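The structure under discussion is supplied below as structure tokens; questions concerning it will follow.
Order as written gives the chain letters A, B, C and D; numbering starts at 1 within each chain.
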Amino acid sequence: MSTGFFGDIQKIKFEGPDSTNPLAFRHYNPDEMVMGKRMEDHLRFAVAYWHSFVWPGGDPFGGQTFERPWFKDTLDAARLKADVAFEFFQLLGAPYYCFHDADVRPEGRDFKENTANLNAIVDHFEKKQAETGVKLLWGTANLFSHRRYMSGAATNPDPDVFAFAAATVKTCIDATHRLNGENYVLWGGREGYETLLNTNLKQELDQLGRFLNLVVEYKHKIGFKGTILIEPKPQEPTKHQYDYDVATVYGFLKTYGLENEVKLNIEQGHAILAGHSFEHELALANALGVFGSIDMNRNDYQSGWDTDQFPNNVPEMALAYYQVLAGGGFTTGGTNFDSKLRRQSLDPEDLLIGHIGGMDCCARGLKAAARMIEDGALSNPLAERYAGWATDEGKKRLTALSLEDLTQLVESSGLNPQPRSGKQELLENIVNRYV
Amino acid sequence: MSTGFFGDIQKIKFEGPDSTNPLAFRHYNPDEMVMGKRMEDHLRFAVAYWHSFVWPGGDPFGGQTFERPWFKDTLDAARLKADVAFEFFQLLGAPYYCFHDADVRPEGRDFKENTANLNAIVDHFEKKQAETGVKLLWGTANLFSHRRYMSGAATNPDPDVFAFAAATVKTCIDATHRLNGENYVLWGGREGYETLLNTNLKQELDQLGRFLNLVVEYKHKIGFKGTILIEPKPQEPTKHQYDYDVATVYGFLKTYGLENEVKLNIEQGHAILAGHSFEHELALANALGVFGSIDMNRNDYQSGWDTDQFPNNVPEMALAYYQVLAGGGFTTGGTNFDSKLRRQSLDPEDLLIGHIGGMDCCARGLKAAARMIEDGALSNPLAERYAGWATDEGKKRLTALSLEDLTQLVESSGLNPQPRSGKQELLENIVNRYV
Amino acid sequence: MSTGFFGDIQKIKFEGPDSTNPLAFRHYNPDEMVMGKRMEDHLRFAVAYWHSFVWPGGDPFGGQTFERPWFKDTLDAARLKADVAFEFFQLLGAPYYCFHDADVRPEGRDFKENTANLNAIVDHFEKKQAETGVKLLWGTANLFSHRRYMSGAATNPDPDVFAFAAATVKTCIDATHRLNGENYVLWGGREGYETLLNTNLKQELDQLGRFLNLVVEYKHKIGFKGTILIEPKPQEPTKHQYDYDVATVYGFLKTYGLENEVKLNIEQGHAILAGHSFEHELALANALGVFGSIDMNRNDYQSGWDTDQFPNNVPEMALAYYQVLAGGGFTTGGTNFDSKLRRQSLDPEDLLIGHIGGMDCCARGLKAAARMIEDGALSNPLAERYAGWATDEGKKRLTALSLEDLTQLVESSGLNPQPRSGKQELLENIVNRYV
Amino acid sequence: MSTGFFGDIQKIKFEGPDSTNPLAFRHYNPDEMVMGKRMEDHLRFAVAYWHSFVWPGGDPFGGQTFERPWFKDTLDAARLKADVAFEFFQLLGAPYYCFHDADVRPEGRDFKENTANLNAIVDHFEKKQAETGVKLLWGTANLFSHRRYMSGAATNPDPDVFAFAAATVKTCIDATHRLNGENYVLWGGREGYETLLNTNLKQELDQLGRFLNLVVEYKHKIGFKGTILIEPKPQEPTKHQYDYDVATVYGFLKTYGLENEVKLNIEQGHAILAGHSFEHELALANALGVFGSIDMNRNDYQSGWDTDQFPNNVPEMALAYYQVLAGGGFTTGGTNFDSKLRRQSLDPEDLLIGHIGGMDCCARGLKAAARMIEDGALSNPLAERYAGWATDEGKKRLTALSLEDLTQLVESSGLNPQPRSGKQELLENIVNRYV
């Protein structure tokens, strides 16, 4: 029985690139085979409960613009929200969803009430998942919105907040486990600082390292098979966040002995905020062996904050999925749209249209990336560029020769290497043949 | 015998804060005691040979503006440059200098000629050091200006360039060792990429890790007691540099087993380019145990490139030296001015005036930082803010309790922590009492 | 009768630079004479009602942190808020305040109720002003928070919103006039666009030009003697705002014939967001004859959004007030703190401390600027640098000679001008003698 | 007779989208009709002499990487450079080229020698133009590279530099006129400042206004029919440039009475540096009636300086040409590639490949834009969104009603406008149907 929120809109169908129907897919065709695998199984799309069903359309200079019948802080409203959300997942054919605890349950007066509320909704989600076949990509705890977390959760100067946060994460891992979630995510929205003047950096890093170790221990104890993921972001809401970017998180994991236990959920918008390209963060995570999942929402290049827009630039998507495929593709991870509608996009159908456009862009990007890989379009020139290192002499230089050996080699041979064209423009043109 | 380059300017003296003499120190007073140590021994100022005696005043849109009699590529000109430089160090009373090989010697046709030229100048430097008492803070190799390095030195796709770079670094460590340098620096100006399309990230990181290991091995072999320093920078000249920032370099050192062998030379301008404050990078290096030395030149906040200006904002200097002092102060490191004159500052005396202003700013910053530390102005409120973690219960939470223990604690005690003011404005006002 | 909100805190006194009392002024001494005028009359401080009494401490990732007894949408709560606010102005000794209509009245269901609510509060304000002697620096209308304005007010695609906004501005000018406000401000928070795809730029600019003309006409009609001020901001909340910066607004005023009717309220933080320094925007407004007033709150240089912090960097303040004084000082304008506490600064006394620190910084900056002016520290070297233009020959070149005349002059005289040092470091050192 | 520089490469042909030949066009088909006009006549491509034949591959951290036989400062080398350049224009089929005086002639010792050298090359160009049919899109004077201009040309504190610059511009307008250039461009690379401390803003703006008036007067005097164009750029090389962006230049033109005489040459990279999108600058220039021509090279979104890359993102090109076509297309303007090869792109064929890729991107963008216009894909929803303003009532509100009339209207009708969806995601999806 439909909630009626989306009127008479029917399940979104693939109609092919020539369709002008705004409520149809033009490129996302779940059963189409790409490099020997169904497109749906490559992309593993997830809808973000938070932005799509909870965000009221506010910004720092204005309040709610969206009017949703479930914008009340009751369990009944939370169940209505869930019913609409699962309708939405089905209309879209999204195989997965993701949620924070605070997205799905009413806010309680204390830990006990929060837990009870969460469990009540998890009961409801269990039923909805069974009915619809929609699965949980990941769960997470919102440890940043409530005022108790204003100075951090794991990194709070107050050990009571650490304890409260830890207990809350336990309930969220339990919920994710019950719902067969395939990953559990930690995004440290307030794990950072506003000013060093009131911050003990070393102490806070140690708290964060301990917290993450507790999570990993607990995961193993209860037999949760999903992946623990950290989502890096350099700043916003705090001025500096400890999980700045892929490289920073990797160093952190090494320091606290977690580099084999934790992987990364990489968001395009956060990569940009950190001064990187999305493909950089993906390539680096692959190189370091910590790639996990993606949030496929980007920032506006002109805006210095996290706009969490739907992706709409196909060439960028192609470069992103190129890295995903080059690293072997997703295992437990997927493509989450951690995307907000623009706050002027008031209508229920805007929510569908945003996702349809995003999914189509990703599908085009994936197909382009797959063809580049199949053709060796980039990998062949790359292998050629580094060919010297693949020779026995090259390997010896990398592993066996000392500084003195190398100096001896240069002196004795009169080595005077000449530069060779990097061919960036050629490679960019090659990419443009595919997008 | 003077070169005459600085006319009849005499050694710069300390004249106190009321002096209006542009060629006097108003705050830098080498013998003044600060926290029980001479100011000179705290600050350990070094002049950067590169920017002060080599840079011709060019930028991407215009050529040379400075006219220096030594701007010729001969050994005689190089010796004249050295004579003027040592005169300058003495006029200023700077105890240290720093150089790249390419700054001090004429460019040769090949490795052999480069080495011979370098050694000829090192002979000259030995004499000048002995005559003047000026010491070498650090030496380094320029592995970024010559076209052979356009695609990287250690990270070049061509193993011959790796070898050439390695041999060059050997000659520079040898030179630094001969000159009793207290550190050896590596700044990876081209160790990065312009486009991922032609870059094998993992391969290049492994090359860089190997290269750094070779340097460390060689240092021990020849008994060089100085510190090996890496200077992080996020970008420029390349679009992405592997030594992005402190956190990135730390993860890199851990990955290649070097975190106990290598420390960091942190530049204010590079911190800003990476989206950080200078004090953040210093505090993080302290927290991670890898603080080494500083380059005290900053960028313009409005310009998206490395302007390498002389420091001139005292409140910023105070926050920087606060971190330096809080970490115990310099050991082998010091305060290098990796600063360029503005390209319109043509006159010899501009070079003195730039350094005088920078040294005075640093001296004011140091004194303010020392007083804040002596008063516990920031450390007392900090200890109070984190007091909960210093209790037995706090320690137990950080080290002993599991996720389930913490949950049990929250449930049983009905814990519901209330936020406490972060007092940022109060702390900012306190700092303003000292600057 | 006190509301008790600030406990037993007494009026903040000037205690001089050696005071360590956090609730005292160390530099702001209202009656101290600076360049022949009382410091209070130079600075003309105003408290921003909005940030100080209305903002709940939320950000895009978290809700209310502040708990104020007046956070209810009733007239009684609005009167309590006003009582606390006027107590605050008096504790601080701030001669002025500023408000938006939406800050001071409860939100009504429609225009009529909004107007009635506003008028009820204006009645109350009249009494409070009379009781306390605190004056209104400026009033303004909030045309950006309510969802009806989500697509702009004057620049809305819907003419009904234009009308609603116009009527609302009329009520706010009326209120400002009744309260003897010395200026009326327009900040176009939603006068811009999110995407050009749905925006008719020319149409919207014409709407904005017309709107501003209506305001100016009405001001004259009712005999309001205050200055009409536009506050430029480049973006946020919208991706692009029409009142981008001083230069943009000036061009806009010229286009719509308003350059002699409207002046500018310049905010430090907005200058930074637009890629300028604050002193640039001030100097340009002076050069163009449109300087009006300032909002003395800045952004964090590391954060790409409007953090509206209290000013705390004295050298920056000195350069800002140098421009203000160089342009002749404020007439109807003043120094408004459009500053937010950090959201972790929960306590009532934080509100005082933020303002005290800001006022002290401004006072130090003002005094430094005044001394630079009195000494001709910067103006003398400036006059010397441009001396060539002050000669008869210089004037002739600027006003009388044609391109051919100038060519003739170069050819006949063999003119080959040599560059002269810009002496930037010297001038920076001079400034540092004053701050 | 070929110079041989490009080996045996033949004229680049259109081979259609399926071609994998790196030396063929896949989309640029000069004779293809687009909206009733040949593609070549729409795009009016020009090659930038400067970046393509003069730039040595240097950056602030490294010198020359390109080795070109004409890199000598003699007239013979300049003629060889011209011969290669015209060969290049023909290989590419580019109908236009652009140059600075300093690009094409050896640097002389003084004005007289500069002029003689320039005229010698103009003689040569006249022949080459006649032989090849290649035309001059615009000429310009380089008033920023030589050290005499380090403190500005028109805005120099020294009136002699103003005169020298004026005389130089005269020679360049004369050259452009002789060569039938269709426009004359002024880019004020040093017309700005490094620090306000040594800058008289008002004086410099007046100098710049006068200078531009001299140019316009001279153009009319000699009967030059081309358009005078200003190229805005916010910064780099200077910290602040007076021609910041379109809005700033427009205000400047109004101030100096030139808004009907001068149009704008808008560069994508400069738009980005100024915090705008390219399409914003184009749309604004159209709205203000000052659109002239484009430099179609962009910056890297991650790099804070002008990278002048070849365009390679088709969706961006489509939005840019949408604005160009919506404004009626080019008249005297065109699409100049003010693009540099990456400094690692050493080979002659890289120069061709960079341009081929750029031209293909522009062609795809143009075709997409044309189809959007023909379909009314964006203009129909736009007209609908603003339909209220096209009614008689809407027009009356914009032109006739006073603030009081509008208030009366709101009050009497109880007007309470409701927001309507901005449909940004739908419009973005529509654009993606075309790119």
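Here is the rule we go by: contacts are C-beta pairs under 8 Å (C-beta built on N, C-alpha and C of every residue); 3 or more make two chains touch, one makes a residue touch a chain.
Composition by chain, UniProt nomenclature: A, B, C, D = Xylose isomerase.
Note that the coordinates shown come from a computational prediction; the quantities given were computed from them, not determined experimentally.
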| item | value |
| --- | --- |
| Same-residue or different-residue interface between chain B (Xylose isomerase) and chain C (Xylose isomerase), half as cut-off | same |
| Angle, in degrees to the nearest 5, of the Cα rotation that carries chain B (Xylose isomerase) onto chain D (Xylose isomerase) | 180 |
| Centre distance in Å when chain A (Xylose isomerase) and chain D (Xylose isomerase) are each reduced to the mean of their C-alpha atoms | 39 |
| Centre-to-centre distance between chain B (Xylose isomerase) and chain A (Xylose isomerase) (centres being mean Cα positions), rounded to whole Å | 36 |
| Overlap residues in chain C (Xylose isomerase), where contacts from two or more other chains coincide | 65, 147, 150-151, 194-195, 235, 240, 275-277, 302, 342, 344, 419-420, 422-424, 428, 431 |
| Chain contact topology (line, ring, star, complete or other) | complete |
| List of chain B (Xylose isomerase) residues in touch with chain C (Xylose isomerase) within their complex | 20, 22, 26, 65, 272, 275-277, 301-302, 310, 312-315, 341-342, 344-347, 350, 353-354, 356-357, 360-361, 419-426, 428-433, 435 |
| Touch list for chain C (Xylose isomerase) against partner chain D (Xylose isomerase), complex | 110-112, 147-148, 150-151, 157-164, 166-167, 169-171, 194-203, 205-207, 210, 214-215, 217-218, 234-235, 240, 244-245, 247-248, 250-252, 254-255, 274-277, 279-280, 283-284, 286-288, 319, 378, 381-382, 385-386, 388-389, 391, 393-394, 397-399, 401-404, 406-407, 409-411, 414-420, 422-424, 427-428, 431 |
| Touch list for chain A (Xylose isomerase) against partner chain C (Xylose isomerase), complex | 57-65, 144-147, 149-151, 189-190, 194-195, 235-237, 239-240, 273, 300, 302-306, 342-344 |
